[in-house]
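In the two complexes below, chain A is the common chain; its partner is chain B in one and chain C in the other.
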Partner chain A sequence: MLKISAVILQNLLRNKAIFGYLVLLCFTGWGMFLYESQPEKAVLSILQIVLLVLPLITLIFTTTYYYHSQEFLFLLLAQPIKRSDIFAGLYIGLAIAFLAVFFIGIGLPVLLFASGMQSLFLLLSGLLLNLVFIAIALLVGVGVHDKSRGIGVTLITWAFFAFIYNGLVIFMMYQLSDYPIENLILVLSFLNPVDIARIMVIMKSEASALLGLSGAVFQDFFGTAKGGVVSILALILWSIIPFWITHKMFRKRDL
Partner chain B sequence: MIDIQNLQKYYSRQCVLSEVNLTYTRGQSIALIGPNGSGKTTLIKILLGLAIPDTGNIYVNQNDITKGHEYRRSIGYMPQITRFPEQLNVKQLFSLMRQLRTDVPGNNYDASLYEELSIPTFEEKRLGTLSGGMKQQVSAALAFYFNPSILILDEPTAALDPVSNEILKVKIRSAIDNNKLIITTSHILSDLEEIANHVTYLMEGKILFNDTMDRLRTETSENTLNKMVVSLLQQEIQHA
Partner chain C sequence: MRLCKKTLIWDTSIKWLLVKKMFFILLFTCFIFDAPVAGKDIHVGKDHTIQTIRQGLMKAADYDRLIIHHGVYHEDSLIIDKPIEIIGKQGAIIDAQNHEVDIITIVADSVTVKGLQFRNVGTTFLSEPAAIKISKCKYVTIQNNYIQDCFFGIYVGNSRHCRVINNHAEAAFKEQVSAGNAIHAWKNKHIQIHGNRVHGYRDGIYLEFVNHSSITNNNSYDNLRYGLHFMFSNHDIYQNNTFRNNGAGVAVMFSKKIKMINNHFVHNWGGSSYGLLLKEIVGGEISQNHFEQNTIGIVAEGATRIIISDNRFTSNGTALDMKGNSIDNQVVRNNFLVNTFEVVTNTRYNQNQYMNNYWSGYSGYDLNHDGFGDVPYRPVGLFAKITNSIPAAMIMLHSPLVNLMEMGEKVFPGLTPEGLTDEAPKMKPYAYD
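Our next item is the complex of A and B:
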């Protein structure tokens, strides 16, 4: 399994798209701190990039990579190797590559220029978002046979988590603004990994004071240590569940 | 060596293989032929565990292939198209495969095809830069490399130059003499008749005929595989 990861990783590290992604993240991570004198603000700007760009690139790259390496996977599958080992190897290889890029581009500058809880949560949520979206992308890749349809599905998935879901929630909040729905909103925000990451980081920053009434409920929950642990656990679940489904699917599927 | 009982396979609702019963033994060299879409590749994929049968049992060396992956140790597979990881060179690919195949002891590799196809002359080249024919050569050498007792070759000669083609055929014939089982699909029947001693003809997912080359020859009183197939197909049409 680890040998397969090593090959995948070797393959990925020479990939031009991964390199471009690294350059982009370096510009964001390192550049933001050079440009912005207040590290707290820089962290929030980086957060926006992490929440929008990271899922998009992780999703599209991973699905494309999966389709592209299918023939090689065939070759491996024809060997006496367990299917689940091949799948886990693929996932681990992708995860190491993406996490390394994230660490160099965002992790290092954040650790150097802005220490504190907020930065720690930014890194933690970025790390988990990587794992979540690699798992979701592989789910799409394995689940949808046709390449162009698969890429389409990933784009829709990204749009859904990045803004469609929020739009729906806000619409609902306006419609139900006469009712005490704060707790419902709290639950709903757990159904979107991007939201979990966003709220988790913002609650650790001073910007959370701007969030108004439902902000107070959020602060009560996410601001506490318990809330932090619960949201991290939620993100972990968000990566484990798609991985587990895909893993099951990959084992029992015609390829 | 291979025993297929009552195999059925559907893709969504379309039946691609039905009531396939086959028994292949050592020393046989099977020409698996049939028109496009007749289920040859699906059958091969099922044997390799790439596709899952809907019903029926398949045993390779008495091992049920749906239980465990160990049975694939005895199979060497040469796919129709191979896309290798582009950044590896040929040497690295073989070393990777050796690492993955810990079940094969270190001195038990069969590098004869590797040498004969003069792969050493381009073994430092990256796989991404190889031509289609060169990839096919690599793929052939890899299929034989771990001394499998069963060889599954999917369109092995399609992209090969005449010299490599002959080398591969010699290798296949020696494998038959060594009592291995070989399954080859191809549309180039003249290539097949030099290496096969048994013919399985699939049509629309069913076995139309499955017999030794010699018997088909006497039955049809034709000499070339091409003519034998045509004559058998005509008989079938008349029966129907």
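Our next item is the complex of A and C:
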């Protein structure tokens, strides 16, 4: 399994797109701090990168990479290797590559220029989002045979998590604003990994008290250590469930 | 030439003699007329003939000095009705043993209380017992005292020209309703509250009907309600104070022409907390203050004709909450650095002026390089508007969708107040200090 990971990692390191992604993250991560005199502001800008760009690139790259390396995977499948090992190897290889890029591009500058609870949570949520979206991308790749349809599905997935879902929630808030909807929103925010990551970070920052009286529910939940642990567990769950489904599919299905 | 020099010397020596003479005459007269003022020293303590402060007070004549030596004195209800000076030596403690009465009540002018320690005044809601109560006096000085666990610390009522300087009042009240104020001033004129350290009370400093007074260099922290509280007080100034970690920093209510200069409002944090509340106040000046990490920096409700200038707002939830009933205020030359919301308002019409501020959310350009941006800035965001109507929407803070909507609103303003713009925002932050 690890051998397969190593092979895939080697292949990924030679990949131009990964290199380009690294350059992009380095520019934003390091550049933001060098350009911006207020580190708090830079952290917020990086949060936007983590919430928007990171899922998009992870999703698109992983699905295309899966489609491209399908022949190689078939070759491997012809060997006496367990299917689950091949799949896990693929996932681990991709995860290591993305995490390394994320760490060099975003992690190092954030740790260097803005150490603090908020930055730590920013990095943690970034790392977990990587794992979540690699798993989701592989789910799409394995689930959808046609390549162009697959890419389309990933794009829609991205738009859904980044924009559409929040739009629906805000719409719902307007419709139900006369009711105590805090608990409902609390539950709804766990249905979107991007939201979990975002809330995890803002709860460690200035916003925690902004929530005011009506937001006491959020504060009681997310503001405490328990809330942090639950959010992290939720993100881990968000990566395990797609991984597990895909894993099952990959083992059983006629590829 | 020589002659001339001689006369000059003669001249100066005569002058010098005259000055000397005058000096002695003056000294002499001083001696005669000041003799009763100097008074005598009366020592109170275990090693002295006078053992209790009450005895000492009875012995003392006008302008005497009562020196209280080391020891714990279980006394209270001491009434000072003549102009004397009470000086506590190191370790002189007056303990009221939780009796619900004042420890010292001053009813005479020109009294000085220095260097004493007071503790354990009990709580009652029938009267307002304090460690030191000043009632209908002039020129009283309360200095360098340490007050611990008293219901009220220093209570100044109906007085003029009194000074409360460098005292330290400490308590550990749990609930607002059963807590007193550290320094409580009621119906005074020309009083000076300087260099005090107050913490753990309901209000650090409370002023009601106090005019023409100054509150300077105080440090008020960890109080349950306000660090400093003005009610119906006019023409006062507070300067160089620090308000940290209070229920809310400062509340200025129903007052006129208050000057607030160079204060620090730090970490007044919580669901309904804020740095500075302006409620129904007219005139005045808020300048060179630093608002840092408050849930809301300034809340202005019914504030009129106030100049808010040269302040720094750093890392607040909301920097400035200008309610719709605040009019004709000027917000100029302030730094707004990394606040989640810069300005929030609940009206669509703007009746205040915003000019030449630095906004860290500004992204315009400056073609003629005069240091001010060419594109007006709208400090009220769409998201602030949304959360104003649905507080629960705050959970969407920094969400990509919200940012997208915010951007659209900046280009085509539809919902945010139209006139609320800074026509010439500063490109770079002002450098203070």
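Observations on the model:
We take it that the second predicted complex is superposed on the first by the 245 of 255 C-alpha atoms of A that agree within 3 Å, B and C clash if a C-alpha of one lies under 4 Å from a C-alpha of the other, contacts with A are read in each partner's own complex, and residues count from 1 in each chain.
FYI, a contact is a pair of C-beta atoms (placed from the backbone, for glycine too) under 8 Å apart; a residue touches a chain by one contact, two chains touch by 3 or more.
Bear in mind the structure is a predicted one, so any value in this text is a computation, not a measurement.
One of chain B and chain C touches more residues of chain A, and that partner is C. Of the two partner chains placed by superposition, only chain B is touched by A:Ile81; chain C is not.
After overlaying the two complexes on the shared chain, residue contacts for A:Leu255 are found with chain B alone; chain C is out of touch. Look at A:Gln10: by the touch rule set out above, it reaches chain B but stays clear of chain C.
In the superposed model, A:Ser69 lies in contact with chain B only, and not with chain C.
Contacts of A:Phe163 after superposition: chain C is touched, whereas chain B is not reached.
Judged by the touch definition given at the top, the superposed model places A:Leu120 against neither chain B nor chain C.
In the superposition on chain A, the residues of chain A contacted by chain B and by chain C do not overlap at all.
Of all residues in chain A, those touching chain B in their complex are 3-4, 7, 10-11, 14, 68-72, 74-83, 252-255. Residue ranges of chain B in contact with chain A, taken from their complex: 11, 45, 48-52, 69-73, 75, 77, 79, 81-88, 96-97, 99-101, 103.
Those residues of chain C that touch chain A in the shared complex are 269-273, 293, 295, 315-318, 337-338, 340-341, 360, 386, 389-404. Partner chain C is touched in their complex by these residues of chain A: 38, 40-41, 44, 47-48, 51-52, 162-163, 166-167, 169-170, 173-174, 177, 181-182, 185, 189, 194-195, 198-199, 201-202, 206-207, 209-216, 218-219.
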